[in-house]
Structures are given as structure tokens and as C-alpha cells.
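Two complexes are shown next, each including chain A; its partner changes from chain B in the first to chain C in the second.
Take a look at the complex of A and B:
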């Protein structure tokens, strides 16, 4: 076993409370599958047989193989953590450190992507990297999002990511929020990597390959609580720090010992061979000066940037809607579940998904939409660009457009719903109209 | 060796794609009809080659035995320039003479050279303003300095407007671009292709001195004016500006190693007699009439000019030797640049140094790295010049004198005295027969610090490794958790120290309380502090002040005697902040908090004096007193004898006034 997968599924989805109020984030239906299915499927596709899932008690109860609709080969090792006390991702990883024997692949449960995962892992292997991560071009969400008027605020903080000329080595990372006056780049980085491309508009997929010794480092440094927020920036900075450590700086000494002398950890032979290979090899990662490969740096961070392909992090309502739209392309199952009953005079677009045991009546048209399991749609209903979760009932003559209808909601007759979010188990009275975008979720 | 690998033009720069505009296209059409023009600035307007350039302008300094301006003109001509305007300032006559004799001024030259001289040019900006004033240029032109060596093919065809700088960063920040590149591996070869507007822009912005000013100006104002700067990164070819001796060394050795092909030492492109030489193995070039002594070795990369004779058993490598030199026996030259008519006696060793025309080096002299012997200096015998020694016949002080030409005679007299003194001193360092003065690059004049800091050999060779590592260490030690401290707390702390500083200054400089209030108010806004916090902090600072003045161990009486005058002095400040009833309570709470920490010094005296100074009002004190302390300590505090007395007194006074 080369890599152990750790799936972080304990997040509360605080950026889309409208949806996570009733359904836990890992279980939110996307294309009629729970969100957590996507990362698990990603791992399964590349042959992972075991995965450690870190989640909360509530979610654990719901995580039955039946629900996950996996093929059943994966062994899920579910670890529960207490949500209280603000545990970060790094804390969570520290929590399961006893189970971690090798390098780890950490990913988040809200990742939906069709990345060829081996590209990230190959980078990790090829350069014997301390960390390799995945990024993707940021997608613009063009659709109108219920409850958000007008355009999204442009005030979002940009991430600046510096990569070297090959576009793989991660040299620099900063968030606009942390910059006081301008971007400061250390001279030592520029000397070693004279051509640096600074990119913005990238989405961090929150998928990291981490060396075993980084996990050990985490165990020893309890003050790091978030992987993305603290550990990764620290590693990126560490790449170019002097290996000579100040004696009082315990942290660094330990870190470098970890990085250099992994010998104690049983992989002694490998490391020795690796060092020898590097010494004997004439391969070098850079041109222009005579120093050894990687300039002798022990910490190396790499990033794989997806230029095309699907990559979403479902952590906002907008991303959720967008992910649902993309879902049919990612799922191989037939879009219309065999157990769904669809009457003949009904139009169901090829880009729509109809869940199990649905009943769709006559003269109904469904386009670019997802209809969850056990939902009932009566006559003369038009559904476009919408997401209907499980057990939704739509009475006759409704027109639903660009909306999200949560589980077990009932939409009364002739309702006209545009760009709305209807909370779970809500009833929309017959002949009611929710025309405006601002007409937002009413949760129970 | 980095330089030759990285010869494309342009300093660090962010990638900015050229947006070919309509104007651009129109100009392209014109180009075919109009002769290509160039502006050659034969003056560097700086003193990086000082004191060498005191006797000869930089453009005429020999590089591989050919004056640098010849390389520039050759480059221009081979690019297809048909008309070149040479702007001279310093020693314009010499440049004129040189060019008049050269092939560029012959009737068959494809490149017509015009001279424009003026002593009033002080910068590139002046030159370009003059270009504009004289309306010399009709179309796009090439702008180069007289010390550019290049073999880049037809940069004109790139059609880009020209180069730039890292100021782009700012713009990209402001812009919407998703991606930009920072390069640290580019060399600016100072070849610019400018549209005629460039000259106009220099006129419009009379404060532009250098190209950097211009680039910065354009980049900042680009969006308003629609001017663009483009950059062409040459993938091959050679281009460099000999901007300091380090570059001189690098370009010379590249020349001998034939990196600037087709410009090579033996090609004799200047077409002058006596410049031809033969090329043999290991890049050894010999001019006509060179005589070599028995057993002298020319290892590799050596260029020897016409009629030079070299003694026996010498060892020469990576060096350039000019014409008519006489070099003695047992001489070791490595990376030495010996110009014309130099006499080097026996047993001399020279490493990575420049020896100018007419210098005499006596026997047994050793020149360590990075020495410069300027024109006609004499050194030796039997001395060793330490690293970085610069010797010139000109006295270092002359330079200043020249700058202030209005200095009166008596200054000169004084200066002469100094000269004599120095001369005596120098004999030890330069040898008994030595002539010249040692220029100390370390004795930086404040006014010229910028220029001298990069003097002669440039900074590149002496990077300060310590400062670099220091900054790295400090950055590296950046603890992962160091960011967790909330900024708010920090602000309050900073604010507190600022207030303390303000009050201290107030005491020292006797600043009025009104002004102190003003300063504290502005601090309040700067750190976003609420009024309540201001008062708390102010109280705290004032109460702590005696400790701050005299150290932490004060007896109570000492403390009180120190504090009372302070309170008195700053009473108006307090009054400004303590106005409403709630303020009084807050203030008292802060006082209480402070004395909870310093119980020993507690006494009613503080309250009393505050009351007497009208800082605190009776009602406030009474209300505070009646609030039961929440902790045992604060209860204890209220039971203080002195306080009880004071309260009692207050109560009595109240009754008395009521009764009255």
C-alpha cells in the first residue's frame, strides 16, 4: 500500500446553510447521489481499496453502503470526531494518525472532479515531494443563484499561486487578504527559479498528497489546526528557508530532521538508495547553475493544475447548482432510474436525471433538472434548470425554473416558482406564486 | 556562466502580450518607405566607469581592442539602420574624431552618421527632448547607448515598442489578468525601439531623466493615455550593455569565446588597419607583429593586439592585451584587460583587472582581483595591490570640485595641499615609483552614494550573503502558529505604546494638552479604537508612567509623588475624554483594574487628586464605591483606610452642601 486515503467529511457546510440545515453536507444529493459518493468514486476508480473517512456521528449513521451506492469493494473505515471545539482539518488528520502508516492522500468530501488522479500522485512520486496538491481553473458560475440578487460580489479575495516554468513546482502562495502592500517575493526564490508564473483564478481542490513525515510533523506541532490555512503555506515557505537552523527554533530542527532523516522510520534502505541515485544521476530539475537537483532542498511542494475538465468544490449554493448541472456527465448510470415510472407523453431531456421510484405524469416536461428518488410530478408540470431532492411532490400545472426544492417539499397546484429555494418539508400552497428571486428558503 | 545563456533583452518583467493596435499597423506600412533611424547616446550620464572615463568617454573604451561605440554602430548598421544620430556630451570631440576616422563616416557607408553635441545634456531625457525639439525623427527609431554590444538580428522587425521593468507588477495587480510571470533571468540589453511619440512624451514630462522614469511613467499612466510598452525576449543572439566593469569583463570574455558571432575579434568589422588578427586553437588571437618570448604560454582565450611583445616564460589566459604593449618575463595574466601602450615589467601577476592606456607596471607588482589602473598610472615596483584597488592620476577630490565649479580659489589651494599630503601617503601603497592616487570605493560620499555603491565592478560580485540569510532565517522562523494572534489585540497594544510615546514626547517637548488630545484622537482613528478603550488605555498609561520613568520598584510614597504632578499636567487630556457619567465609571474601573495589579501602591490619593483636579466627579466616585466589588480583591480594595476616609469626607461635603 503506497498511499492511504483520508476523506474529510466532517465539515458543516457553513457557506451554504440553506442546504445543510436539514441534510448533512456529505449527504447532499448531487445528481441523485450523495456528495460523498464523488470523492469515494474518484478513489475507487484509481484502485483504492480502503479509505479512512473522518466525519461526525450523525453522518456515520447514514453512511450505509446501500446509500453510498458504491460497488462494494471499498472498505470504509469511518472515524467519528466531535464537532464541538472547532476542529480543523489538520486536527482531524492528527486524530487518525495512528492509522496512518504510509504517505497519505487527503481529500475533502465536497470535491467533484474528473481529474486523472494519477497525475497528482505521479508528481508526488516523481519528485519525492513532501506535498503535492491539485488545483483547477476557477469556474465562473453563470447561473442565477436563488437568494442572491444580481452579480456575485467581486470583492472575493484572490489567491496568488506561484509556479515555476514547468508549471508544477509550487513556489509561492499568498492570499490577497494577507498582502499589505504588494506582493513580496523573496530573492532566494527568484534566484533558484528565475522564471516564476504567478497565477490567480485557481481553485484549490483540497486534495493533497502528504508525506508520512509531514503527518509526523503535524503530530508534533499541535498549533497547526488547518491543512489549507496553515500547513500548506508553511510547507511552501519552508521550501526555500535555509536548512541551517537556529538552535532555539525547535520546530524547524525537528522538521528538518524529519525531512532529512526519515531513516528512523523504517524506510532506511529506500532513503539511502534514493540518496545514492540522486548523487549518481546527472538529472537535474533546473538549468543555469551548477547546484544539485532541487538546490538541495528537502521540502518540495508540487501542484497539478487542471487546465480543463471538471473540478468543483461544492461548498456554496452556486457551486451546488453548478455541480448538479455537470453531474449527468460524470455518472455512468442511466439518467432515468429503471424503477421510475414515466408516462409516455412526457418530455424528459437527456441532460436530466430521474431518481428511483419516481412518478412522472403526462404532459410534463423536464429539462436540465434533477429529480430525486420517490418524487412525484403530476400533469402539466414544467421543470427547467432545477434540482428536486428526494420525495418532492409537485402538483399539476406547476412551473419550476432555476430552483432548488429540498426533500419532501410539496408544491401546490399551479405554483410558479422561479429561482427559489424551497426548504425541506415545506408546502407551497396551491395557486401561490413565488416569483421573485428574493423569495427565499423557508426551512422547518 | 549565466550571462551568455541569458542574453535576451529586458529586465525582470511580467509577460504582457502585445496587442497590435491600429496605430501600430499604420506605422508598419510607413516603415518601408522611410529609412530606419537610430539614436545613439554616446554618453552614459553616470560615473560607473569613473575614474577611467575621466580621460576617455565610455563609448570609446576598448573592448577586445575595439571601441565600444563601434560595436554599437555595427549592430545598428547590420540591423538595417540607415541614419544614425550620435548624441555626445562628455568629450564629444574625442568621439567625433574617432568616428570621423572610422568606416562609418566613409562615403560608402550605408549608415549615415550625424553628430549632435551639446554640453547641456545631463540625462537621456535631455537628449530625447532635444530630439523632439529638433524634429529629427520621422518614424520609429532605435534608441541605444554607445556601449551596447549586440548581435541580435533585426529587432526592428519585432515591431514591439520596447522594453520594460518590474513596475508592471503594479499594473497587473490592478488589472484583470489571471496569470503573470515574473522573470529573474533576463538581461536588459538597452536596445529600445521607440515611436516618435516617445520623444514627445519626454518633452511633455520634463522630469523624466532616464528610461526607467519613462517606463514607470508609461506603466502608471498607460490606461489613461493608451501608450503601451512591449517586450521582446530574444531567444537567441547576443545583447548586452556594458554598464559596469563586471559587464565589461563578461562581455569581453564572451567576445573572445565567440559567443557574439558573427562579431568576433578576427573579423575586423571596423575595417581598420592594424585591427586584424589571426585566430588559432583555444581561441588565441594574435595581431600582426606580435612577438612572443621563449617559453611563454598562452593557455586559452587570449587576444593580443598589434606590435605587442611579450617576454619569456609568461603565462597568459583569458586576457585581452592591446596594441603596442611591452610585457616582461615571467608575467602571469589571468582575466586581465590590458589596453594599449602599456608597459608591464618582469614578474608581474595580474588577475581580473583592467589596465588602461599608458600604464606602467613595474617589476614584482601583483594586482589582485578587480583592480583598475586608470590612464598613465604607474605602479611599483614590488607592491601588491589588494582587491578592488583603483588607481588614477586624478585625485578623487577633483571630482567634487568639478561639480561645484563656482568654488572659489581658496578652496583649490586647500585642495592642493591635500594632494601633496596624499601623494606622500600613496607612495607606500603604490610603490616607490608609483604615480597616481588610490580611489577608495569604500569612502562613500553621501551625495553620490547611489552611484558609487555600484561603482566600477558593480554590486553583483559582492552580494551580501549575510543579509540575505538573515532575512531568510527570520522568515523561515515564521512559526506556523504565529498568525493566530488576533490583530485586534495587537492594535490595542500598539495603540498603548503610541499613547505612551505621545505623552512622553508631550512631557519632553512641553507640548500642550490640546495637541496631545489631537494626537491621541488621530491615533484612535488609525488603530480603530473605541472611545471607551481610549480611556482605559489612557488611564493605564498614565498610572503606569511612574514605573516607566523610574523602574518597577518604587515605594508607594515615591510613586505618589511622581504620579501627582503627572496627573495635574495631563488633567485637561483626561477631561476631554471623561465627560459622561458612564465615562467616570469606566475611568474608575480602569483605575481599579490597575491597582488590583499593583495593590501595594493603592491609596485614595489618586482618587482624591483626580477629584480635586475635576477629572472625576463626586457622583461617579460614590457610585463606583457603592458597586460591590465582584472579587474578594476588589472588595478588599474598597476597604482601604484612606479610601474610606475620602469617601466619608465626600459624603460629609455633600451633606454640607445640601444643608447649605
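Take a look at the complex of A and C:
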């Protein structure tokens, strides 16, 4: 077997508590499908037959195949973890370490993308890399997000990513928060790679291919708790570290041994033949200096940067809204579910999605919106640029604009809701007018 | 008419196969009922039956051709049914009867041929003993990779790949008309796009190897062969014999789709072909009584020995011979990056010979840079020129050392494109040209020009950026423009003075002798 897929679905969605306080993040509806459907669909399309899903007990109950509407026969192996201790992604990977027998593809449940996965995996295979990851150009969110006055707060921490001239080898990765004194790049890196591009407008898709020995290394080093936060920067630094020759303590020796060699069991013959091949091959990844391919380094990290295409991480409210906009492009199902009952005098725009068993009455107009399953929309309602989750009831004469209505909410008649977030199971009084966001809707 | 013939034969074939399968199923069911595996005798018997059925099918074809009567469909069906009856009785006939049948058929053929011979001119007496096969037209099969412009051949290849579950790689770009019979692929459309990501049909090591071939990470015939054998070792290690199958037969069948896949990624080299033949032969020679673990260990050690003997030790031997030819004060010209020539030069430097090297390089691969790096790192004095300057520097050169991709049976040397040019110019200046080549790269093919069989690389490699602009960016839009990126060319033996192999230093025309000796040895 070549690769095993591990899907991390235990995150709490801490950056969009308004949505996740009631519904767990993997089950948030995007385009009327649970959020976790998108990475699972990606894996299935590409040919995976088994996925290990790490999640909490509550989510596990909901992860049955018919609920997930998966067409194929992908086998889901759901592993539960408790949320009491703060378990990072690396801790979760350590938890399922026994199940992992080959190289592993880790993804996050909030990734919505149509990337050609073979691009990432090919980098991993061809260069025998320790790690290959996916990044994408950051798209500016243009929609107004309920609850945020003015532009997005500029305090968002940027990632600084340094890649070499080919744009594939990852040389440097740091978050703005760690760079208080400025960006320092070691001279040895500049000597080996004189041409480096540092990019800041990149979104980390949290999709990583990791070698088996990296997983083993994680098991040994229990102080690493987050893949993105600690493991990846460590690997990127380790590509150029000289501690290979001068280990400081026993841990370093073991780490370097695990990182360098192929598996320790089996043959040193393995290494021998690979070395012979590389010696006789007339290929080098760089030109202009006297070192051999890869500068003789055994740890290599690669990145595939998507310039165009869809790639979102749904971990903030703005991203959630944007993803709902983009969802029709990714789903092959018809936007209007066949079981929805839509009366004749309604206007449903081409880029709207209507869920199953909806009832849309006369003289309503739905533009650029998503209406969840089993929702009821009465007469003379105007819904624009909004997201209605499952089971929402909208009475007559309402005007909903740019808002997010969570599941089972009821909007009273003639209410006027602009750029609001209505919490789950809340009730808006008739003739209410909402212009700002709150957790519980406020009637004016 | 012809279609009816074909369909009837197809039906016949199906029924024969059906019979065979039915018989086999009965046997297997019986064996299962008895509670043990098929014994060796039974397996042999099953195999003989299959062979018999195949032979009957061929005989029918042969007979109908000889009769030269197009059978109407009804007659063909009748014949097919009678055949069905016959085949079900076939296993009952003894060997002697079958032999008698065969002899009678051959007599009939010879008689028919004799009649034809009388009416035509007198055939020379020597030919009268020729086997009856000569009457049937001898079909010379062209290899598939030089028939890309023939839709029938392309369809046949597609069918074969479909059967083996390997995706077909699509051609790319406009091909120059002289070379339109060869494949041309794009590096940006790898074959991995079309296979599932945790690859199940093809072993992961083979997928990785194919990717490394198509991206040029493993390049050079020695490197490719070693990488191939390494991947085969991994495949053998992970192999498990399915029940009711023998390792010696099943493993060879397992390797066939992998070889097709690698061929699709990049056409196989002659050295790889010889290595594959060797591995297949070793696998078929595994005795059937051998246990799986032992068989695997034996195969792995065979492959290790092959690499040690044919590649590593051969390199040492060749460099020992070559050092006799390098004297102090020599100026040696090398072309591109040949692992063997680099090895020789490094060895000679270690043995304290004083010489300097001129490295000649050519676009688009610019492999000479890598050779230059390795030689300079060793400490050898080097000069670097492009191939356009070859006639300028040749007056200063005392010897030319060239590497080879393969040595053909008529003495021609197949090597990186540009080699024949260097050999030609060296001949014009009376500079000796020495080709260094291991014997495992000797190939039974015969070629006198570089057009018939070659490899077309990605045409986009010819695009180059100057001052931020790529002039050939939209070359596909210009209808009259074709980009040609050849990989190999052949050098005639007149331009080569000596071939240094691990068997000694031989003239170019002795290659067929070496091949003959090798075959006798094996």
C-alpha cells in the first residue's frame, strides 16, 4: 500500500464560535452538504479506498454513510478522541499510530478544494521527500461578513513562506508572530539556494504527505503537539541543520537517524542501491555549485502552490460564507434538489442551492443564496446573498440580505434582516429589524 | 466474407476457451472436494490441455488458409461445432496419435508446396528441405514504438494496456513529419494523473520509478538499469504467490504490466531490456519445488549479482583497460555526462596520470554541466565548450572518449544526439575515438540511421527565457512550426576506432561476435 489517508475532524472551530456552538464544525452545512463531505469526496475521487477519521464521539454518531451521502464504497474508519485534554493534530496522529503502516496523507476536515492531488503526491514520490504540502493563493473575501464593521481586521497573522527558484522546494516557513525581530535567514541556506522567493499571500491548505519515519519520529517526541504549528517548521529547518554530524544529545541522534535513513529494518542494501543510482544519474536539482543533487540532504520538504482553482479552509465566518458561494461549482448535483417543492411564481437564481424537501411559496425571490434542507419559505420573501441552514422557517414578507440563519430558526413575518447572524433555534419577532450581529437575535 | 470468417473464428476461440475453463473448473472442484491443492501432475495436465486447444485453433486457421476457400458463415459454424466436439475429446488422445496427426499434416503441406514449386521456377535444392512454415507469409513484426502513425498499431497497444489496466499516455504537440512515427509526450502531463493515488494496480515503487524516469531525475542508461533492478527487488520482496499458481509463472505475469507502465513513462533503453530479459529468465528457472521464501532470496541475490558483475565490476575492468590508453599530457574530449567515462577519468586521475579534459555540451539537456562538476570536484583540469565549437578545439585534442547508450549488432553505436557529429569531426581531424560500453548494453537490433527508431523528448524543453521573454511560448499556434527534441543518434563504425568493453578492447565490427558468445554462454 502506498498512502493512508487521515482526516482530522476533531477541531472545535474556535474561530467561528457563532456557528459551531451548536453544530460541530465537520457537520456544518456548506452547499447543503456537511463540511466533512468535501475532503472525503476529494479522497474518493482520487481513488482512496479507506480513510481514518479522527473525531469526537458526538460527530462519530452522525458519520454514517447515508448521512454523508457518499456515493462510492470508501471505508471510513472512525477513531474517537476525548476533547478534555487539548489534543493537537500531532497528538491525534500519535493516537492512531498503530494503524499507520505506510506513508500518510493528513488532511483537515475543513478543506474545500478541487486540486489535482497527484501534483502534491508526485512531488512526494519523485523526490522521495519527507514532507509535501499544498498551499494556495489567498483569495480576498469580498462579501460583507455579518458582525464585522468595515474591513477585515488587519491583525491577522501572516505566514512567510520561502521557496526556491523552481517554486517547489520549501526553504523557509515562519509565522509573523514568531518574527518579532525581523526575518533572519541563515547564510548556509542562501549559499545553497541563492534565489529564494518569499511569499506572504499564501493559504496553508493543511494537506500534508508525511513519510512513515516522520510519524515514527512524532511518536518518539511527545512534546510536539501540532502538525502545522510545530512539526512542519521543524522539518523545514531540519533540511539544512548541521546537527546531523554533531548530535547534541541522544534524542538528536535518534531523530537524525530516523529522519535520514529509510526504515531501519530491512536493508542497508536499500540505501546502497539508491546511492548507486543517484551517483550514476546525470541529474541535479540545482546548477552552479559543486554539490550533488539535493546538496546531499536527506530531509526534503516540498510544496505545491495552487495558482488558480478552488481552495478554502472553512475556519472563519468569512470563509464559511465564501465557501457557500463557491459550493455550486464543486458539486455535481443539480442546485435545486428534486424533492424541493417550489411554486411557480418564485424566482430562484441560477447560483442558488435549494436543499431537500424545501417548500418555497409564491412570489419569493432567492438570489445567490443557499437554503438548507426541510426549510419553509413563505410568500413575498426576498432572500439575497444569504445562507439558511436546515429546518429554517421564514414567514411572509421577510427581507433577508447578506445573513446567516442557523438551523431551526424562525423568522417572523415582515422581518427585515440585513447582515446578521441568527443563532440556532432562535426566533425573530415579526416586524423585527436587525442590522447588526449578535449571538441571540435582538429584536428592535 | 472476411468479417464472417473472423467472427466465426472468434466464436470458435471463445468456445474452445470456454471448454478449457469448464474442464479446469471441474478439476479444481474435484481437487477441492478431495481436500488438497492441485498436484503437480494435474497442473501439468491442465497446461497441456490449454496448449492443445491453442494448437487446434491454429491448425484450423492454417487449414482454412491452405484451402483458400472462403467459408460461408453456416459452414463455418458447422465446422466450429464439430471442433467443439473434437476438443472435448482431445485430452483422451494419446501423444503418439497426436504426433501421427501432425506428421500427416506436414506431409500434406509439403505435397502442396511441391506442386506449387513445379509450376513456378525451380527452387534451389537447398531450399527443398525448408519447413512448411515458409509458405505462410512471414510477418515481420515492427516494434510498437515506431508505429505511432499507424492507427491499427495504436489500437492494438491501447487494447493491450487496457487489459493490463495501465492508462494510455496521450501524445503532445505537433510532430515533425520525418518523426511522426514516434511517441512524443509532455512532461507536464504525467501518467500519474490517470491512476488512482494510493496505486493499487501498480506497485508504489514502480510508480515512483516511472515518475522519476519521465521527469528525468533518473537519467543515463546505467542509472536507469540499476533503479529498475532495485524496483524489481522491492516487487519481489512484496510478492505473495496466489494459491494454485506457481511463482515462476505468476511473477513473470505480474511484471508485465509494470514493464508496460514504465515503457509508457519513458521508452525502455536497451540496457533495461537486457536486464528485464535476465530477470525473467531467472524467474522462469526457479524449480517448482522451491519454497517461496527460498525462491525470493535466490532471485534477490541473482539481481544483486547481476548489478555487481555487469555494472560495477564491468566499470572497474573497463577503466583498467582504458587507463592503458591514457598517457601523460593527453587532452581528452568527452561529450555530455556518461557515468562510465566519468568513472574512467576519475580512476585515471587517482592513478596519478596527468591529463586535462574538454567537456563538450549541447542543448537542451546541458548534461555536460554535471560531468564538469564531477570532474572538477575531483581535481581534474577541465574546459567547457558547446558542441558548436567542436571543430575549433579539436586540433588540440589527443583522444575522444565517448559513452554509449547501446551497441547495435551491426557495429553502430547508439548514443546521445550529437555523438555522431563529434565522431565525424574527430575522424576528419584524425583524432582517435574510443567508445566505452559494458557488454550488457549490447543489443541485437540493427539500425543504420537515426530516424527509424529514436526517442522524442518533450518539445517544450527547447523553450528558453532570455531577458524575461520566452520567444517560443506560443509555438503551438504557428501551424508551420514544429519543435524537434531528439534524444539519440547512431554513429557508424567507420568513425569509431576502438570499443572498450569488460571483455577487452575490440573493434566495432566484433560486436556480433560478442553477442554470439554471450548467447552461447547463457
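To be clear about the criterion, the second predicted complex is superposed on the first by the 418 of 444 C-alpha atoms of A that agree within 3 Å, B and C clash if a C-alpha of one lies under 4 Å from a C-alpha of the other, contacts with A are read in each partner's own complex, and residues count from 1 in each chain.
We adopt the following convention: a contact is a pair of C-beta atoms (placed from the backbone, for glycine too) under 8 Å apart; a residue touches a chain by one contact, two chains touch by 3 or more.
What you are looking at is a predicted structure, and each value in this text was computed from that prediction instead of being measured.
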### Task
Using the superposition on chain A described above, determine whether A:185 touches chain B (first), chain C (second), both, or neither.
first
### Query
For A:198, is the partner it touches chain B (first), chain C (second), both, or none of the two (neither)?
first
### Message
With both complexes superposed on chain A, which partner does A:231 reach: first (chain B), second (chain C), both or neither?
### Response
first
### Message
Tell me the contact category for A:127 with respect to chain B and chain C: first, second, both or neither.
### Response
second
### First, second, both or neither for A:283, with chain B first and chain C second
second
### Query
Looking at the overlay, what does A:3 touch: chain B (first), chain C (second), both, or neither?
second
### Query
Does the superposition put A:241 against chain B (first), chain C (second), both, or neither?
first
### Task
Determine where on chain A the residues touched by chain B overlap those touched by chain C, and list them.
287
#### Entry: Complex contact set, residues of chain A against chain B
162, 182-183, 185-188, 190-191, 193-201, 221, 223-224, 230-231, 234, 237-238, 240-242, 244, 246, 249, 251-252, 287-289
### Query
Which residues of chain B touch chain A in the complex?
2, 5-6, 12, 15, 169-170, 173, 178-185, 468-469, 471-473, 475-481, 483-484
## Note on the structure
Per the touch rule above, chain C residues touching chain A in the complex are 190, 192-193, 195-200, 204, 207-208, 211-212, 215-220, 222-223, 226-227, 229-230, 233, 304, 307, 312, 336-337, 339, 367, 369-371, 373, 376-377
#### Entry: Contacting residues of chain A [partner chain C, same complex]
1-5, 46-49, 116-118, 121-122, 125-128, 269, 273-274, 276-284, 287, 290
